[in-house]
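All chains are identified by letter, namely A, B, C, D, E, F, G, H, I and J, in their written order; residue positions are counted from 1 within each chain.
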Amino acid sequence: MSSHPIKLSALQTRLFQAKAERKKSFEDIGKQLGRDEIYVAAIFYGQAKPTLDEIEKLSKYLNIPAAHLLAEFGPQFYPDRGGLMSIPPTDPVLYRLYEMIQVYGYPIKAIIHEKFGDGIMSAIDFSASVEKVEDPKGDRVKLVLDGKFLPYKKW
Amino acid sequence: MSSHPIKLSALQTRLFQAKAERKKSFEDIGKQLGRDEIYVAAIFYGQAKPTLDEIEKLSKYLNIPAAHLLAEFGPQFYPDRGGLMSIPPTDPVLYRLYEMIQVYGYPIKAIIHEKFGDGIMSAIDFSASVEKVEDPKGDRVKLVLDGKFLPYKKW
Amino acid sequence: MSSHPIKLSALQTRLFQAKAERKKSFEDIGKQLGRDEIYVAAIFYGQAKPTLDEIEKLSKYLNIPAAHLLAEFGPQFYPDRGGLMSIPPTDPVLYRLYEMIQVYGYPIKAIIHEKFGDGIMSAIDFSASVEKVEDPKGDRVKLVLDGKFLPYKKW
Amino acid sequence: MSSHPIKLSALQTRLFQAKAERKKSFEDIGKQLGRDEIYVAAIFYGQAKPTLDEIEKLSKYLNIPAAHLLAEFGPQFYPDRGGLMSIPPTDPVLYRLYEMIQVYGYPIKAIIHEKFGDGIMSAIDFSASVEKVEDPKGDRVKLVLDGKFLPYKKW
Amino acid sequence: MSSHPIKLSALQTRLFQAKAERKKSFEDIGKQLGRDEIYVAAIFYGQAKPTLDEIEKLSKYLNIPAAHLLAEFGPQFYPDRGGLMSIPPTDPVLYRLYEMIQVYGYPIKAIIHEKFGDGIMSAIDFSASVEKVEDPKGDRVKLVLDGKFLPYKKW
Amino acid sequence: MSSHPIKLSALQTRLFQAKAERKKSFEDIGKQLGRDEIYVAAIFYGQAKPTLDEIEKLSKYLNIPAAHLLAEFGPQFYPDRGGLMSIPPTDPVLYRLYEMIQVYGYPIKAIIHEKFGDGIMSAIDFSASVEKVEDPKGDRVKLVLDGKFLPYKKW
Amino acid sequence: MSSHPIKLSALQTRLFQAKAERKKSFEDIGKQLGRDEIYVAAIFYGQAKPTLDEIEKLSKYLNIPAAHLLAEFGPQFYPDRGGLMSIPPTDPVLYRLYEMIQVYGYPIKAIIHEKFGDGIMSAIDFSASVEKVEDPKGDRVKLVLDGKFLPYKKW
Amino acid sequence: MSSHPIKLSALQTRLFQAKAERKKSFEDIGKQLGRDEIYVAAIFYGQAKPTLDEIEKLSKYLNIPAAHLLAEFGPQFYPDRGGLMSIPPTDPVLYRLYEMIQVYGYPIKAIIHEKFGDGIMSAIDFSASVEKVEDPKGDRVKLVLDGKFLPYKKW
Amino acid sequence: MSSHPIKLSALQTRLFQAKAERKKSFEDIGKQLGRDEIYVAAIFYGQAKPTLDEIEKLSKYLNIPAAHLLAEFGPQFYPDRGGLMSIPPTDPVLYRLYEMIQVYGYPIKAIIHEKFGDGIMSAIDFSASVEKVEDPKGDRVKLVLDGKFLPYKKW
Amino acid sequence: MSSHPIKLSALQTRLFQAKAERKKSFEDIGKQLGRDEIYVAAIFYGQAKPTLDEIEKLSKYLNIPAAHLLAEFGPQFYPDRGGLMSIPPTDPVLYRLYEMIQVYGYPIKAIIHEKFGDGIMSAIDFSASVEKVEDPKGDRVKLVLDGKFLPYKKW
């Protein structure tokens, strides 16, 4: 089981423990829920709101009573997103993601504007995936971020 | 020409002006240089080191004397990367990129570890691209980040 | 019931739990108290001072002994307002509110001065409401902030 | 003309001066452009991208050569939004807006979720208006913020 | 009794509870101790050092054993002052005090120098009082801060 | 004339120079304008909006053309208040004012609530004065802050 | 045993206690594990991921049940690195390391670029060692940092 | 010549320009001065105090009048060290150095104490060197930091 | 006994309590240990490493079992110094020390360089003492800081 | 002449230049003015207010017209103290002073209270001196800080 310096609730800790004891990956759980592995991890970290159906499947697969999951993730639960990391993050994996924005943020902004005009790439109507691309010179992480373009409204 | 609150050198401003006056996109320039449009924008923003060949091509295409470009981007130039934005960034395009890491950073880290083990996704042996995916419900920005996986050395 | 990363007192947590168990909305509770739903939520978050009458009604409607409510929200209680979020807030709902001020704060200030002269819009003699405006292109949130204009005193 | 501690470009300063010399309000200019007064002020503060048509009208009404406006606000200009104020802002008008979010941010978030479900109020597909409501006990500022509701995508 | 987001010791909480249960104001307690009401509140908040005589009077008036008060506020106790609030404070009452200094701090400094020369107004040889001034247009808070002028020593 | 590390506009610097050359105090200028000396200093520091009448009197008394004053302080000028100092301020005079709030802020808040109920002391409908109280043990600075009490509105 | 202001998990504290009670140095433990002493200390501080073999050896040498170590450091554990210190660190040993980078960071960067070109020194494919060099004028600490050079990819 | 976002004086910029125009490395200059290349770079960045002899040699080798160098680096010059970078630094080369301390700082501290007792590694009686170690799997940067151990004095 | 907002370990709290109950000053304890009173206070605050002999004497004088002291302050204990206060500190005694450096830090640096050349005053080979100097105009605190001068090494 | 990253006014720079050209130390200048060398340096750094007599002596000794000195340091000049350094300072000389307070601040506070009671050591009625104490093991810097004790007033 993982030692999280970030603050997790008792239920979240239990989810991580059940996953470790059953030796399941987020991909395994994602197949049960019909969700991408990143999305499942987002539920574990309190960054996404599971449906009642997802809660039931989590309950069965990880053997945690649904009532316990509902007490925390029930209909009135809406995630208070973010706040897991300091800024900038100190963990090297997180920092590299952050550095990509520090260094290439303005270039990416410039290309989005050239291709789409004045607006943004949504972080709400959004999905992400991680793919492992094998390479003899060293495998590569392909991280795809996919968000709807939202043009600025004029009024 | 764009008004940049971020501090650009006189030469960088001249690059942006020449680009605007000639009505060229970063894609246009990238085709001349044989580089991706994001990479070209990174050169404009001082975040990448152009080769002598790229400097010559930039000089011809944008009609800026090569000597002027060499004075700033010559062999002894090594970018002092980052530092263009406040943290968190206030511009909504940049902020959304930053928010994706705030919200999905730990889930992405978890999946990278599950797929690759203990290590990081490199921001140095790295490339990025922006693709426009047309969609009747609203076009989508597909941002692909591609970095080599670097395992932690034990000693 | 909701998982609040923000620190709530034991009594506040109990209020949120009672509300979730009884499946009541802030609007339901607001009707009992004769108060707007935002105002009721402000009481739950410790941002407004309930009257003795409101405490009694909360006690009956949510089945929490009035003595328990009085021990925390009694006559000598005056809220220590704010401090619930980091600045800037990381939650996307809160951040968007914050971004509206980042981007349109100076324009709003300029219009207030043009319409009213030198002074401020009060955040004390103030009310707020949220309305759902249905729209075939996507429903809209109409947030109305209403504050007394206070002119600067000269002396 | 106003003294802006915030950094404006030479052209922005000229816009404010022309407006002051002609004794025009943002409402006056808005009528010429067919835009709300807040939107016009956002253009002045570099927070919105004017169309070519708007640039032409601004040029005529304020007697500034269109070429000068185009040099800064032309087709390749995309605002680098935000960054005008320190956080928290020190100006009392701006601070009160900020305080409204500090104190009522979580209550507003709670009501948005109760009325719309899991998602956010957009700051991009967004408009704002300021209305003066006369009142014998002191006139009131009615600030209406209107944003599209964007539900979180699941994947 | 009040809910203090600020961290109070168990004994300080007990002082506030005893005060609330007995329905006493700081003015009431101040009359018993022969101290101004602000000074008494400063003792409650751990910002002033009570004498043995004051401890005894507090003990009797609020019915808390003197030994308990002495264990925390005894002869070896010297307050570690400040640190109760974030900077800037988020509570509107505290923020307004802070804003008065933000806006009028340099003007006040200028007048002190014109009237007294080079030096400061002491915050140690200092007292403060709050007076309620009734006014048909709305009662006024008169806050008097009184500090010894200390001239800079030359050497 | 004083060396201001804080950034003043060219006109503000000119005001301070004219005042120093004519050896006038803020009290002297205040008598001409019919304003308190602190209020006059606030105008010099860009923290208050002078009327046309005050501008004319300043112009005559300090021998600065009214047109120059109007160009900066004219009808469309609305101060962008605050921002003159770092937080906490480093200058000892300013720091002591700040320390008074650090140490006695919560006690003052407690007394305001006991005397007035739930609300704030206004920093807008506000005035301040500095008085020199002679004392054989060392003269004292009496700083009086006078603000309207504003009760929280319920809705 | 050492008093760590930094937050360690219960298991980490137990590791430090077992080491102190058995009077073992990190060098002693390193010999058992076949790892450098700094690497072993990094495991204790949660900054490196031990293998199953290393966990077994730690268990035997320090007499802590392997099951307890596995519960925290098992296969699903991936360190959340960094975050142990404030920035800048206050401890003088840590601060001096930090100051070396403050003062000599740019010179070191310049030399790396001159010797290797555009790229970085990896902190992942990396090792460190501390050697004691005896010297009559005072022993010296020789800290060797050894990282792979990673050239920037062009794309 | 390099574009330095960090603020260099006119003379420092001239040193970098002369070095680039003559195509000299810090190693070349170091040989002239009898100093390590890092030490020479530290002089260029204003982080070390050159002797009169070193100034003369710099003057001859880079063809800058000694009087100009003496005007800035003369006998009364004592460097105001540090302050070149933000913290944490954004440049990836500098950040990796910083990350080494974030991650391995406490382990290094622990080993220094085990080998030397209570004290620090000096950053004053200190030297640093960068060596290129060729390696078929990728060349390595060997950074050696060498500082005198200073034991804490007891008194 | 004193109420410390700063975080002390259970053993440190016990040391302060034992000192208060026995009504001993740091000077009293210092005489037992043969150490300066400031040095003894530094041990209490976890800022200095006591020897085994000092631990034994503390144990006897304050009647705390040596085993308890050794469990925290034993041979493997090396203080993690600093971190007790926020920066700037809010307590007025600490702030005044801090202000002395804010105001006179550069002048002191200038004089050290004029008298000693390029180098620093050590905070490791260092001692401090506080002396009470009686004065009819008010007693004075004479704080002597004594540190070895360390010249910068050239290499 | 020294290169000051800290911002000095044109006149302050001229003072430093004149001092360097004449090869005078602050001690030399102090003898002319009848002031301690630290106090003179404080005037140069804008941290102390020179008298008219001191201005005249400075003028003669450094050959700068008194009118120029009076224009900046004249009767209406009151220093805006502090603000010269970042916090924490990066220069090692300044940092060591700062570290002495980080590490020994609470111990010094404890001893001041034990010797003087509740109050502070003044930074206003204050002087400082630096003495060079020769020592075969390395010369020592003796920094004496001397401030009036100010007891807290009760009211």
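By definition in this document, a contact is a pair of C-beta atoms (placed from the backbone, for glycine too) under 8 Å apart; a residue touches a chain by one contact, two chains touch by 3 or more.
As the structure is a prediction and not an experimental result, all values here were calculated from the model.
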B-C or F-J - the one linked by more C-beta pairs in contact: F-J
Whole-Å separation of chain centres (CA-atom averages), chain E against chain I: 29
Chain centre separation (chain F, chain I; CA means) in Å: 42
Chain centre separation in whole Å, for chain G relative to chain E (CA means): 47
Set of chain D residues in contact with two or more other chains: 6, 39, 78-79, 81-83, 88-92, 99, 102-103, 109-110, 113, 120, 122-126, 150
Chain-chain contacts as defined at top: A-B, A-C, A-D, A-G, A-H, B-C, B-D, B-G, B-H, C-D, C-E, C-F, D-E, D-F, E-F, E-I, E-J, F-I, F-J, G-H, G-I, G-J, H-I, H-J, I-J
Chain E-touching residues of chain C, taken from the complex the two chains share: 7, 9, 11, 46, 71-83, 123-124
Residue ranges of chain H touching chain B (in the complex, touch as defined): 1-6, 16, 19-20, 23, 86, 89-92, 95
Residues of chain F that touch chain C when the two form their complex: 35-36, 39, 48-49, 51, 78-79, 109-110, 113, 118-120, 122, 124-128, 150-155
Parts of chain I lying in touch with chain F, wherever the complex brings them together: 88, 90, 92, 95, 99, 102-103
Chain A - residues contacting chain B, complex: 6, 25-27, 37-39, 41-42, 44-45, 47, 81-85, 87-89, 91-94, 96-116, 120-123, 125-126, 128, 130, 132-133, 135, 137-150
